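Only one structure is covered here, and it is reproduced in the block below.
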Amino acid sequence: MSEFLKSRTLQLIIMISAFLIVFVPYFTSIPELSTFSTKLITITAIANAFTLVLAVYSQFRRGINIVQKRRRGWYFKVWMMLSIVLMCIFALLGQDTGPYHWVMFAIINPLSSVNYGILAFYMASTCARAFRARNMKALFLLSAGIIVLLYQAPLTGAFFPGIQPIALYLNNTFAMAAARMFLISVTVGGIVFGVRVLLGQEPSVIGVGKEA
Amino acid sequence: MVDIIEISIVAVGTFLAMAMFSTLYGKSNPLYSLAEESYLGFGTGLTIVINVLYIWKTGVVNIQAGDWILTFGLILGLMILLRMNKNYNWIARLGIAVVLGAQFALSFRTLIFTNFIQQISATIVPLFTGTGTELLYRWTITICVIVMLTFFLYTTELKGPLLWSSKLGEYLLYIAFGAIFAQTFMGRLGLFTGFMQNYTVPPWQTPYLLASMIIVLAIVIILDRTKTIDKWIPEE
Amino acid sequence: MPSLFTIPGIINGRFLGLVLDILIAISVIYYIRSKKQIFVRRVPGLDAIEEAVGRSAEMGKPIVCSFGIASSGFDYWTLAGLAIMAHVARLSAKMGVRLIVPTGGSDQSLIVRPVAEEIVKDAYTLEGVGDHFNPDDVPFLSGQQYAYVGGYVGILQRLRPGSVVMTGSHASDAMNIAETSNAIGAITITSGSYLSNTAALACASDYILIGEEAPAASAYLSTDPAQRASIRVQDIFKWLSIGVIILGLIAVAMGSSLVTNLLAT
Amino acid sequence: MANNGGILKFMAEYDRRWIYLLIFVVVVAPLLQPLGFPISVSPDTEVYHKILADVKPGDKVLFTLDTEFSGYMEIQSGIIASMRILLNRGAKICVAVGHPEATSIPQLVFDACSAELTAGGYQYGRDYVNLGYILPNESAVAALAEDFHSTVRQDAKGASIAGTFLDDVKDWSSWALIADFTTGLGTAYLRAHFALRGTPMTVNVIGVMSPTERPFYDSGIYKAILNSMRGGAELEYLIGHPGPGMTAMDAFTLGHYLLIGFIIIGNIGYFGYSRRQAKKT
């Protein structure tokens, strides 16, 4: 019995049943089926929220590991773990004012913004150092890029309205077509990959691989 | 009048933000580690808080209101947590199987419409009636989509017209990449500009911003010159 | 929209999507089952990779190859990245080039990492140089994306590899790595997993595997019938889209909206 | 110059920290001392403005913030201007959030629009509600689209939503509009489970997403698309209420010109120096 419970067959049966319960009612209009499927969807939404515990657990495990071995900079890890706990305590004290609100606006919000804002620098430096018209293709890329960049600077359009139609043409035809083509091909790829998982061809996805 | 709490928010916020920017100096330094670990810690804390609230509001509150079937959501969630335990790993896999199955169903039943059928359908437009601009747009899109698709065929030998078409497709793709790259840069620049604006409007915050910039830069340069810059940073 | 395939109370007319989904599933099963070896074209990127490994061997420099940050574990792009990495590992084992595989970048990457290490080890063993494998050459840099980038860039600057092959599920971190790789004069071969990334990488790399070229390369290298079957099915659906578009255009030009109506069912 | 190449060599190989410094200067300077460059309005923004301005009084609008806080920095102009338009139209607004960091945003938006809230006589509960974090994953969004009230019973602060205007919301069909503001978190789910079924939907995307979302606008799934901070500024211009977007446009312009400058300098350096060096060896 326990062998069966641990077997891949059971996992696949469960996965395919869940799949069918959610998939089939969408194409039918039988209210009982839809209600059942909506319930399962809500159930998985709740279950999904639990997965964050796994991420927190792995963060704590690595942090504690570094602290125990007194590796260089271990006190930063102590601070990191302490701040996780602090944030949870602050939340209990109230969320509109007080320390929770303070942490939100003094730490989380600015650092979140920097985390992505910094990409502007990396991108600019890549452009400056790596964007060379090495060959014909690169020349095409650069020319189109410069036209759209010029258009995106709001001032250009005000003084030189002729840039707008050209840039919009590039954006709404070439770029849009490429995006559409990517969508078509990647979507089929994604569904095919899903079918492979449902067929049990990609065991590593559910976690049957060599992981601990 | 600006109160002390608001000032502390701006002062600490700008300092930590600049500490994070200090990675641009090209070397890891303790200030960056401080900012990074703080974001990691408090950010994770926030995620925990908000997700617990979500589980509470969607799970527990609904169960109390009589929707007992949602208890399975909590059970399933707890099952997934057993992934951390080597002996009971298999229970977690059953939970993950349910979640994955439902997820695939949700995406299969909709993606095929939004990303496939409707995209094809939107490409089918009259190519011979319309204004000059309309026709230019339509012809370009149609040719681009078809020709670019041939560039992505892998189980057919490329020869004859197919080879030409795929070559042309590659060049057209590069034009598209130029435009797409420019839009991507617009996004990144917008993120940074928005961030800076947050600390320059209203203007009373600007001195704190500039002071933080100078202090952080000074500390980093001093650490670099005294060769102590990597003394305290955590090793992974 | 009124549909041809509606049975009130039972079937609600989202017919075409259902048919296509089922069609995809059936053809995947068919091609996996069929014993015939499916032809997959060799993408030019593989030649570029082989040349890059060869050049590194000539210069006596190491090669750096990564499979992405795997932020959603074993997904489509990561699996493709791993297959290409396996290829690079075998080539470098054969030519005696030191291979470095930086791992990490997300919490999920912890699950992928041991598999990657195993792949590299296997590649060395298969080429008969199993004792050359050094676990320190598959370093774990960090679970955080940008700390990972920092470590990656550090490796590039210290070791000055002859070439960098960066495939799989890299995200915004890819730009940084490509730039550094370019700056140190390494041959840079990349693949982008999403559009805006690919666009930016296209100019920053010496060679780029665009979009699905990476999974196609992986299928070409693999003997796994499931991978080849996937590529085949994807191709069939690409042909199908081209066909339907052309048919639809002709129909519209002739004043008939038959194809458009069919697509709306 | 001892090393041959001089200025060309510098152009090809200068330290990247110069680039970083220049970006800082070019972005911060015009924010401190606005130059007031004129701007032009793109057709996308005009369509977006029209769709929002066509909302009827009493229409229920689902206002979703699928963004980390960093994304809010980029599209706050669009968020606030859209909220202004909707409030002026007398729409009933339900705010929902798709990322933990975004939970602090609704209050900022309502604060920024306090004048419109008072002018319209808006009352919390009767006319607008903040549901908080209810869009964590695809399943959650799908459940909301299929059966609203069995998923949500409380607002962001834990108060019951019974008795609010949400009482007669049943499923996807109850919404007159979904105004989504996104860095790409839940937009695909809203699109698949609401817009595909027929709920009108507009998006305000960060620039990175702009190319990838355009096919959905072109194929009619989105009614309108607003691009990045630039679109937000244009929207502010159209409603005649300058805000964060328009003040940032000078920096935006200069940032773009700077990048073009970098590319040109880099290429001069490449052809004038690097390529010749490479040919010599």
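Going in written order, the chains are labelled A, B, C and D, and every chain counts its residues from 1.
Just so it is clear, contacts are C-beta pairs under 8 Å (C-beta built on N, C-alpha and C of every residue); 3 or more make two chains touch, one makes a residue touch a chain.
Just so you know, these numbers come straight off a predicted model, no measurement behind them.
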Two chains sharing the most C-beta contacts: A-B
Centre-of-Cα separation between subunit C and subunit B, whole angstrom: 19
Chain centre separation in whole Å, for subunit D relative to subunit C (CA means): 30
Approximate Å spacing (C-alpha centroids) for the pair subunit A, subunit B: 5
Between subunit A and subunit D, centroid-to-centroid distance (C-alpha), Å: 17
In subunit A, residues with contacts to at least two other chains: 26-27, 39, 41-42, 44-45, 48-49, 54-55, 59, 104-105, 108-109, 112-117, 119-121, 123-125, 127, 129, 131-132, 137-138, 141-142, 145-146, 149, 152, 171-172, 175-176, 178-180, 182-186, 188, 190-191, 205, 207, 212
Sequence positions of subunit B contacting 2 or more other chains: 23-24, 40, 43, 46-47, 49, 51, 54, 58, 62, 102-103, 106-109, 111-113, 116, 118-123, 145, 149, 152, 170, 173-174, 176-181, 183-189, 191-192, 194-195, 198
Contacts with two or more other chains, residues of subunit C listed in rising order: 14, 17, 21, 146, 195-196, 199-200, 202-203, 211-212, 234, 237-238, 241
Touch-based graph of the chains, sorted into line, ring, star, complete or other: complete
Subunit A to subunit C touching residues, read off their complex: 26-30, 54-55, 58-59, 62, 115, 119, 122-123, 125-126, 129-132, 137-138, 141-142, 178-179, 182, 184-186, 188-193, 195-196, 199, 201-202, 204-205, 207, 209-212
Residue ranges of subunit A touching subunit D (in the complex, touch as defined): 34-35, 37-39, 41-42, 44-45, 48-49, 101, 104-105, 108-109, 112-117, 120-121, 124-125, 127-129, 131-133, 142, 145-146, 149-150, 152-159, 161, 164, 168, 171-172, 175-176, 178-180, 182-183
Touching residues (chain side subunit A, partner subunit B) in the complex: 5-6, 10-12, 14-23, 26-27, 39-57, 59, 66, 71-74, 76-77, 79-88, 90-91, 102-121, 123-124, 127, 136-138, 140-149, 152, 165, 167, 169-181, 183-188, 190-191, 194, 197-198, 205-208, 212
In the complex, subunit D residues that touch subunit A: 16, 19-20, 23, 37-40, 42-43, 68-71, 73, 101, 104, 136-137, 139-140, 142-143, 146-147, 150-151, 211-212, 214-215, 218, 230, 233, 249, 252-260, 262-263, 265-267, 270-271, 274
Residues of subunit B touching subunit D in the complex: 24-26, 43, 46-47, 49-51, 53-54, 57-58, 61-62, 65, 67, 102-103, 106-107, 110-111, 113-114, 118-119, 121-122, 179-180, 183-198, 200-201, 203, 206, 213
